[in-house]
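These notes open a run of structures that come right after.
The two complexes that follow have chain A in common; it is paired with chain B in the first and with chain C in the second.
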Partner chain A sequence: MLPDTLLRTGRIWNVEQSFLLGHLIPFRVTTAIEIRSLSRVFSGRKETLALDDINLTVEEGELFGLLGPNGAGKTTLIKILSTLLLPSNGTAHVLGHDVYSDANSIRKRINMVSGGEISGYGLLTIRENLWMFTQFYGVPRVVAKKRIDNLLDIFGLQDKADAKLRTVSTGQRQKMNIIRGFATDPELIFLDEPTLGLDVSTSIDIRNYLREWISECSSRTMMLTTHYMKEAEELCDRVAIIDRGRIVAIDTPAGLKRRVGRGSSFLIEATPFNPESIQSIPGVRAFVARPSEDHMHLRMILDDESVIADIISEIVSSGAQVTSLNKNEPTLEDAFMHLVGRGLV
Partner chain B sequence: MNDWALNFKAGIARAHARAIGAMREPSWVVFDVILPLLGVAAYIYYYRALGADPIFEGFVILGGAMTAFWLNVLWGMAAQLYWEREVGNFQLFMITPMSRMALLAGMALGGLFTSSIRALSTLILGILIFQIKISVAEPLALATIFILTMLAVYGIGMMLSSLFLMYGRDAWNISNLLQEPVYLVSGFYFPIRELGLTISAVASLIPVTLGLDAMRQLLFGPASQGILPVWVEAIILAFQAAIFMILAKFSLDRMEQRSRREGRLTLRWQ
Partner chain C sequence: MAIKDHLRTLKISAWLGWQIESNWARPSLFLLYSFIRPIAATLILVIMYLIVKQNVASEPALFSYMYLGATFYMFVSSVVFGITYVIHTDREHYQTLRNIYISPISLYVYLIGRAAGKVALATLAVIISLIFGIVVLGLPFNLLMVDWILFVPTMALGMACLISLGLALAGISLLTAKHSTSINEGVGGLVYLLCGAVFPITVLPAWGQAIGLTIPITYWLELIRRSLYPGEGIELLGGLQDFTDGTIMIFLLISTLIFTMLSLTMFHYADRIARKKGKLDMITTY
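Here is the complex of A and B:
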């Protein structure tokens, strides 16, 4: 009886330890997100299996990343967890509440921001828009005002706070959206590509804030999706790599990189050539070709170091010259290529 | 925070946003104050030219004022959620813990605010310019009828707005369908009795009809030839208000379930 209730409320205490240690050491293990055999199908002219048998557990306090190519199902997963979509199959619990039957209990405790979103009313100022959204969560007046002011400061948006939303830039609007997410002080926040389309320094500011937010309070949890490897690597405690609706791997960034194995990540620079033929060489697990003006940068994951000889002869026989060859410490991008079999871009 | 307090705050915040938005773009005042007044003036001069009973001039002013609310419901309220989805707000509304009814009520309250300005200006300017004599013998009854009418009228608005969201542009026809005949059958410009009992009964399904009829009786006395006694009309209006709001809640809940299942209604294509 007891463990069952505890499970259902999402507060899975380590009963023995908390009994022994009492309040001296508030040790507990709490699950923020619990997903079991979750699938999501979109029906339409063509049926899409956007999520296929997902299993995932995110602990309270984690900064968890979802990494995957376009159409992998990241946004779909976030929409299910933030109660905008229902699962087609399987179960998902957020902060202990079932997304199917107890959506409103979830909504009180979470928030969600997506990078490309447009929202708010153009005739209202940034401050007024933010104010309105805090009221939808019942945040007390004084608290809301203080929090909004504080966040406007942090995001360098004070001087635009009283400008009408329709007069501000896309990036400023985006910052407002992020503030909207945090202004309700959620226990769990979902960020869908939060730095999409933002300039480098703004992205850095936002990443810094995200890191600070999560470390300020141990009960806060964050789930974010991103296309930027660096972002995932820098920020996330753990990353799930998703491809075609399936979770390919879940691990820490370091753990994912270890999976690549030593000596199989290479970087080749050559004079321009058509890189398509590389794919068919046996032993090439994945590669990304990035052409620049007078060069071709080739990032590859190989099953075996010996394959490199075949690649070089293929390049040379196509009439190009290899200008440099480097063996890499595997990066998260290599791990992604290793697991998914292709690059992210 | 308990749910009632949260929903109250949320509804007020939504209405407040609408009201300050409207105050910021005052160009609507021109259309919303001057145009209706011109329409009203045309009818008044028409009646005067015919040498009709001056009581009709009062009907015209009252009808002109009440048109404001009905038009706001048909074109403002009904399209509101649809529009919110187009601009990307709707999905953010749907992840908040506020009740969907609080959102709709907030929208209605915001609409009521701008429409009231329009209605009041028609009423006051009309009375001043055309020297209309009205005597409010029973202010309490009048206020009650007005409030019940508003509840019923905006109840329809709340219902329409969830229907519009579900059926998209097809639902636009509903507004068209409801607009023109209402001018006629609701007796905006003359008493509905003149149209015969069957038509009166059908027209009474639209709450403005009964509301106007009751208000005319209260403002202009027996000469206004009401369809039913005022107290009966009050009871019917109260029923209508309740029914439309229940239907609004029902259809919005259904819409939400459906959108979560199909992934189509709340969510813009991404």
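Here is the complex of A and C:
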């Protein structure tokens, strides 16, 4: 065994790992992100343990998702990995470099964009804002110009390229920021809720682009957070489910869904009623109630199919009517409910 | 990081700074603002002069002393406090600080570049104020009499000194909320009094004079006056008449070096603490 300190420095870790793996598989796997016992405390009037003993390895080439409810610690983790924030305890290596002591080596090779990010200089044009950031990363002028043009085309911003940023819509600003992330051609990009607040068709375009970006080059890695189950399911090779600062599970979307078990995921639609009493029925592992105008949608994970009878009688006894009942293949949302014990939204 | 990278950072951030300083909604507004502001400032000064003149035996060079001091003090307010303002606006208004921070450039060098825009604008304001002083207020000024050999290095050292002061304060601003700009203004007002910008420091109590003599701006303003008005007796007013130009230049050089070192150290630690405390994308208003 190598001493711990040696193992923790990315270079030796990679050498060691590729040496070991080299005998097992024909291609070299390198680690993009390596997190060991990472914690982050925010002190204030009340202390918050935003991240609690996180361990995580993301390989180069992965599209890795972080899924978790509000306040789970996703953004905090992204901030630490993108060198904006320091961890309170533990270590994190990004592309082989320690976030604490070697941030500069990381910064050249990564970028980060937050969803809903409207940052930028309003009195510069979209093109000027983007150009400025490529220059901070030392992208050669000709390359930068071409790349920006190409991205503006892809994101449908070409006609706004020379408009002052303060004159464009919030969504367009947000798109500009996504372009800012990719315009520096990072090896590893962090996207914090990239499609937050964007319209459906724009979100689809962005998801398509993300897929394309990662498949274009095998050494590219992406870590994204999202609240949209569909997004995580569609895009991610692997997903870590985070709740209250802890990683509850790490697996492929399919693997996570398998954990739920077949035949335990149900959807019930009923006329409006107070769903609180459902929780206390024995055999209900987790449920989410989404009231709409004249209906109540219940999504639940049950220990056993027989529990459904108790639920229906509970609904009926509260004076409501069941309008439909569906048993379905587990989705990522079910997996989330199963693992966390409650819904995401 | 290579020098080449720093130069590129300087260039691009100076460009950004100039865009922000000069790119007002309408150019006419920008021009109006650049003219009106320095002239308004000098008019306040004229009133102060008239009040002082009633109390102090009228010195022929006193008006020049006050006028030049107040005019060149515009560099202090726009450069020193302008740099801290960059931190606040980039962080809270434009919300770009986090993106700049995680980019591979040095934030320190970036701020120097942004300061260049401030220096350029302040230079414009100072020139306008000088012209106004000469044409309207009869400020005695003769370009042929200017001691350029003294003036040029004084300006260069002065700017270096002001920028490092600004960077030291910017380090503190990384850690504080937006509201600390009022602290800056307080500090600015105090420095204005202590460095002899309008009143010779000899009018201050002994402790005030002692503080004034530790502020490099005091020496800078003195050298500016001496170089612009060689041999007009202006050097008798500032309380530094015992020191030769060369000695004061050495004081200025040493204090600039000290402040540069101090600002680098402060900035380094402030950066660490800000990253530890999560201050780099802190939004307090907006």
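In this text, the second predicted complex is superposed on the first by the 319 of 345 C-alpha atoms of A that agree within 3 Å, B and C clash if a C-alpha of one lies under 4 Å from a C-alpha of the other, contacts with A are read in each partner's own complex, and residues count from 1 in each chain.
Going forward, contacts are C-beta pairs under 8 Å (C-beta built on N, C-alpha and C of every residue); 3 or more make two chains touch, one makes a residue touch a chain.
This is a predicted model, so every value here is computed, not measured.
Novice: Since both structures carry chain A, what do chain B and chain C do when superposed there: clash or fit?
Specialist: Pair status: clash.
Novice: Given the touch rule stated above, what does A:Phe133 touch, chain B (first), chain C (second), both, or neither?
Specialist: both
Novice: Of the partners chain B and chain C, which touch A:Leu49 in the superposed model: first, second, both, neither?
Specialist: In the superposition, A:Leu49 contacts neither chain B nor chain C.
Novice: Figure out whether A:Gly116 sits in contact with chain B (first) or chain C (second), or with both, or with neither.
Specialist: The first partner, chain B, only.
Novice: Output check: A:Ile281 vs chain B and chain C. Expected answer is one of first, second, both, neither. What do you get?
Specialist: After superposition on chain A, A:Ile281 lies in contact with neither partner.
Novice: Going by the contact definition given at the top, which residues of chain A touch chain B in one complex and chain C in the other?
Specialist: 42, 79, 82-86, 104, 107-108, 110-112, 117-121, 123-124, 128, 132-133, 135-138, 180
Novice: So in the complex, which bits of chain C are touching chain A?
Specialist: Those residues of chain C that touch chain A are 1, 5, 8-9, 12, 15-16, 19-20, 23, 94-96, 98-105, 272, 275-276, 278, 280-281.
Novice: Across the complex, what residues on chain A touch chain B?
Specialist: Listed in rising order, the residues of chain A that touch chain B are 42-43, 75-76, 79, 82-86, 104, 107-108, 110-112, 116-121, 123-124, 128-129, 131-133, 135-138, 164, 180.
Novice: Over in the complex, which chain A residues touch chain C? Could you list them?
Specialist: Touch list, chain A to chain C: 42, 79, 82-86, 104, 107-108, 110-112, 117-124, 128, 132-133, 135-138, 180, 184.
Novice: Okay, in this complex, where on chain B does chain A touch?
Specialist: Touching chain A: residues 1, 5-6, 9-10, 12-14, 16-17, 20-21, 24-25, 87-89, 91-98, 260-263, 266-267, 270 of chain B.
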